[in-house]
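Below is a structure I'd like to ask you about.
Labels A, B, C, D, E, F, G, H, I and J are assigned to the chains in the order they are written; within every chain, residues are numbered from 1.
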Amino acid sequence: MEAIENKYKERDYEVHIRFPEFTCLCPMTSQPDFAEIIINYVPNELLIELKSLKFYLNSFRDKGIFHEEAVNRILNDFVEKVQPKRVEVTGNFNVRGGIYTTVKASYPG
Amino acid sequence: MEAIENKYKERDYEVHIRFPEFTCLCPMTSQPDFAEIIINYVPNELLIELKSLKFYLNSFRDKGIFHEEAVNRILNDFVEKVQPKRVEVTGNFNVRGGIYTTVKASYPG
Amino acid sequence: MEAIENKYKERDYEVHIRFPEFTCLCPMTSQPDFAEIIINYVPNELLIELKSLKFYLNSFRDKGIFHEEAVNRILNDFVEKVQPKRVEVTGNFNVRGGIYTTVKASYPG
Amino acid sequence: MEAIENKYKERDYEVHIRFPEFTCLCPMTSQPDFAEIIINYVPNELLIELKSLKFYLNSFRDKGIFHEEAVNRILNDFVEKVQPKRVEVTGNFNVRGGIYTTVKASYPG
Amino acid sequence: MEAIENKYKERDYEVHIRFPEFTCLCPMTSQPDFAEIIINYVPNELLIELKSLKFYLNSFRDKGIFHEEAVNRILNDFVEKVQPKRVEVTGNFNVRGGIYTTVKASYPG
Amino acid sequence: MEAIENKYKERDYEVHIRFPEFTCLCPMTSQPDFAEIIINYVPNELLIELKSLKFYLNSFRDKGIFHEEAVNRILNDFVEKVQPKRVEVTGNFNVRGGIYTTVKASYPG
Amino acid sequence: MEAIENKYKERDYEVHIRFPEFTCLCPMTSQPDFAEIIINYVPNELLIELKSLKFYLNSFRDKGIFHEEAVNRILNDFVEKVQPKRVEVTGNFNVRGGIYTTVKASYPG
Amino acid sequence: MEAIENKYKERDYEVHIRFPEFTCLCPMTSQPDFAEIIINYVPNELLIELKSLKFYLNSFRDKGIFHEEAVNRILNDFVEKVQPKRVEVTGNFNVRGGIYTTVKASYPG
Amino acid sequence: MEAIENKYKERDYEVHIRFPEFTCLCPMTSQPDFAEIIINYVPNELLIELKSLKFYLNSFRDKGIFHEEAVNRILNDFVEKVQPKRVEVTGNFNVRGGIYTTVKASYPG
Amino acid sequence: MEAIENKYKERDYEVHIRFPEFTCLCPMTSQPDFAEIIINYVPNELLIELKSLKFYLNSFRDKGIFHEEAVNRILNDFVEKVQPKRVEVTGNFNVRGGIYTTVKASYPG
C-alpha cells in the first residue's frame, strides 16, 4: 500500500472505495474465503494510491486469517500508511458452513 | 461454542452473523421447526469462533424448545462464552399453523 | 388462548407474530371477511402459546364482527391472558365494496 | 352456482376468474385450509353468474375436503352447470406442515 | 364512436388503445363496476377517432351491464363502426365480492 | 354516511381506509374525473360504517366538483358525522390535460 | 393562469401538481427543451384553476428561456396570481449535451 | 432527414433509435400531444444521419396530426430517404382523455 | 408415506408439491444439509396423503445421504407407494463449500 | 466554464447538475477512466452556463489526473467562476482493477 500527496488537504472530503474481489484462506481449513471490502475515508495529508491498494488487498490471497482479523489488519495498515482524518473498513464475507458474516471497524474507534 | 482471542480489543467494532439453517423440534408435537438466526455483536476480549458456532447452532437439531426460549438461550450462551460489549439475537421462524413468528432479544437488556 | 411461562422474564425482548389467515363474518351481510392479523408484544411473566393462539384466532371464523371490534377484542383478550409489558395489534382487511381497511390498536393506550 | 344466458354464444371468447379467498376444512384435522381458486373458461350457451359463484365457493367454508378433491369437484360442478366449451380450474393452497400444494384440472380432460 | 379515414390503408399496422377509467353499473345491484379496457386492432379503411371513443366508453357510466356483455358489446360496436381487419377487446374488472374477472374477445372469432 | 358506536372509545387507535374507485365530474367540462381517496382517522365515540361510506363516496359519481373541493367536502362531512379525534383525507386524482393532482387536508387543521 | 375561489380558506391544506409535458426552447440554439414541472402549494384565498395552468405552462412552448429562469418565472407568476401561503416549484430537465439539470425554488424564499 | 453511406452494406445489422421527446399538435383541439418514437431498421445502402433525424422529428412540433398518421408518415419518409431492408416505427403517445395509444407500423408491410 | 384413493381417476390432472424444509445429513461429514424438494405428478388410482408425505420427508433428518441419492430415493418411494402416471422430483440444495446443487429425476424415465 | 447572470439572485434556490459522461486518463497507466460528475449548488450573482460546463468537463479527456484531484479541481474552478453560495461536487468513478471509487467535496468546506 502506497500513499500519494493530497493536493487539497485544507478541505475535508470523502473517498469511498469498494473492492468486491477480496480472497484469503480460512486459518483452520486452508480453504478459500471470499469477501467484499469497503473503505470509506476522509484524507489528511495523503491519499491511498489505488493500484497499490489493489496489490495490497490481493496479497491476502495465500494468507490464513480470520474474518475479524482481516478487517482490523486492513484498517491498521491503512491508518499507518495514509493517516486519514477518519476511515471505516467493512468486510462482507461469503457464506461458510451456512453462516454469513460481516465485520465493520473504524478509526478513530 | 468456543471463543478465540480478539486481537483488536482496544477498538469497538461490529460483527454481524446470519445463519439461515437453524432447525429444532417443537416441544409440543416433536415436529421440526426452522428459523434464520441473526447475531450482531461488538466484541470485548473474545470473538466467537464461527465453526464452533455452527456446531453449537446445529446442536439444537434434536432439542424440543419454544421459539422464545431458543432465542434467549442462544443469547445467554453467547454472552457467557464471548462476554461481548453488546449483542442482539434475532430468530425468524418459518410459518407453523399459518403463524409466522420473530423473536428478538439483546444484551445488555 | 393459553399462556406459558416466560423463562426469561428479567429481560425485555420482542415477539412479532403474523397470521395471514384470519377470517370472520360481516355482521351486516353474514358474508366472510378476510384479514392479516399482526401482534407485536414485549412479554412480562407469560408468553402466548402459539397453537392456542391459532385456535383462538380461528374461533372468529363463524362470528359476525366489525373490523374495528375484531382488532380491539383480540387486543383485550391478549392483554387479559398474557399481561404483556406492551402489545400492538394490527388487522389488514381484504377489500370489500372497493374499500381497503387497516385497524391498529395498542396497549398501554 | 347459477348460469345466465350467454348473449354472444356464436363467438369463442375467454373468461378468467380469480378468487383469492377460498377456505375449507382439512378432512383429517378439521382445521381451516386456504387457497386461491382460478377458473379460466370459454363459454358455450351459458355464463357463470359471479355472485352465485361466490356463494358456491363460500359454501366450502365448513366442508372437510382434500385439496385434490376440492379442485376436481369445483371443475365437475362448473361443467355440469355452465357446460362450457372448455375450462381449467387451479387451486393454489397455503402452506400446511411446510408443504405448498397446487392442483390443476381441466375439461375436456 | 366515430371513424375517420385511414390514409395508410394499403399497409397493415397495429393500434393499441388502453383505457383504465371504464366504469358501468352492476345489473343486479346497480352499484358501480370499474375496469381497464384494452383494444388492439389492425385498421382497414377506417380509424377510430379517439375523442369519440372516450365519449363512447364513458356512455357506459350509467348502464347496468354484465362484464362479459360489456366486452362483447364494445367489440361488436367497434367492428360495426370501424370494420377493422382484426381486433381484440379485453376488460380487466376490479374485484367484486372477492372475485377478479378478465374477459377477452376478438374478431374475427 | 352513517356512524356506528365505537365500543372501544377509551382507547386511541387508528383506522386507515383506502378507496381507489372514486369518480366525480369535472365542473367545467362535465367529463368524468377519477381518484383514489384515503381516509386515516382516530375515532372518538363513533366509527364510520363502511358500507354507508361506500354509498357516500359513490354519491359523488354525478356531481360536478373541483378536486380541492371534493377532498375538503369529504373531510367536512366526515368530521360532522363521525366527530373523530383526528382525521386526514387525501385525494390522488388521475391525470387530466397532462396534469397529475394530489390534495391533502386534515382535522384539526 | 387564472385563480378560482378557495372555499376552504380557513384550513391549511396541500395541493401537489405534476406536469410531465413541459417544453420550451433553448435560448442559445433554439432547439426544444423538455422538463417535468412540479408545483406544491398551500392555498390562501385562491386556488389555481388547472386548465388555465395547463395553458399557461404550454405558453412556454415557443419561448427561448434558460432552465433556471423558467422555474423562477413560473414561481413568480404563480405567486402573483394565486398568492399562496407557500409554494415550491421544481423543474426536472431532460438531458442536454450529456447534462441532466434540476432547478428548485420556493416562496417565501 | 438526410442519409449517409452505409459502409457495411454487405452485412445485415440492426439499428435501434428511441426518441422520447416527440411532440406535435392535436388536429382537433390544437393542444400539444407527446410521444416516444422508436425506429428499428436494418440498413441497405444508406444510414439515417442522426442530427437530421432530430430536426425532422422536431419539425412536427407545430403540426396538427393524428397519432396514426404521424407514425405512418415517419415510416414513409424514412423508407423514401433511407431505403432500408426493413424498418418498424412505433409511437407511444401520452395519455389524453384517459386513453393511452400506441401505433406500430412496419415496412415491408 | 401413505396413499389415499383418487376419486377423480378418470381425469388426468396435475398436483404440484413444494417442501422448502427438507434436511438430511452429509454422509461424509455428518453435518446437516438443507434443500427444497419439489414433486410434480399426475395421479392414477392413488393420491399422496400430505401429512404422511411430511413425515416421510422429515424421516431423512437423521440420515446420511448424498444429494443425488436423496432425490432418487424419494422418487422411487413415491412411485412405489402412489404409482402415478408420471412424476418428477427436484431437490434444490443449499450452498456447501461455495457449491449450489440441484438434482432432478422423473418417472417414467 | 462561463457564467451568466442570475436574474433571481434575491432568492436562494437549488440547481442540480448530473454529467454521466466524464472521462479522463489515469496518470499512472494513461488508460481512460470514466465517471459520473454531480454538481449541486445554490447560485449567488451568477449561474453556470451549461454548454460551457460541458466543454469544460470534456476538457479533462486527455488529462492524466487522479480521481481525488479531478473532483477537487472541478470544485475549485467552479467556485472561482460562479462564486456560488454553496456547492458540492461528487465523482462516481467506474471500476478499475476491481476497485470502485467515489470522491465527494464541498464549498464552503
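To be clear about the criterion, a contact is a pair of C-beta atoms (placed from the backbone, for glycine too) under 8 Å apart; a residue touches a chain by one contact, two chains touch by 3 or more.
If you're wondering where the values come from, they're calculated on a predicted model, not measured in any experiment.
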**Prompt:** For the chain pairs F-G and F-H, which is connected through the larger number of C-beta pairs in contact?
**Reply:** F-G
**Fill in**
Chain-centre distance (mean CA atoms) for subunit A and subunit F, in whole Å, is 55
**Request:** Quick one: report the Å distance separating subunit E from subunit G, using the average Cα coordinate of each chain.
**Result:** 36
**Separation of mean Cα positions, subunit D and subunit A [Å, integer]** = 59
**Prompt:** Taking each chain's centre as the mean of its CA atoms, how far is subunit E from subunit H in angstrom?
**Reply:** 28
**Prompt:** Touching two or more other chains, which residues of subunit C qualify?
**Reply:** 20-21, 31, 34, 94, 97-98
**Prompt:** Considering every pair of chains, which are in touch?
**Reply:** A-B, A-I, A-J, B-C, B-D, B-I, C-D, C-E, C-F, D-E, D-I, E-F, E-H, F-G, F-H, G-H, G-J
**Message:** For the complex, give me every residue of subunit I touching subunit D.
**Reply:** 4, 6-8, 10-21, 43, 47, 50-51, 53-54
**Of subunit C, residues touching subunit D in the complex** = 20-21, 23, 31-32, 34, 58, 61, 94
**Request:** Spell out the part of subunit H that touches subunit F in their complex, as residue ranges.
**Result:** 31, 34, 94-95, 97-98
**Message:** For a test of understanding, state which residues of subunit F touch subunit G in their complex under the given definition.
**Reply:** 28, 66-69, 71-72, 96-106, 109
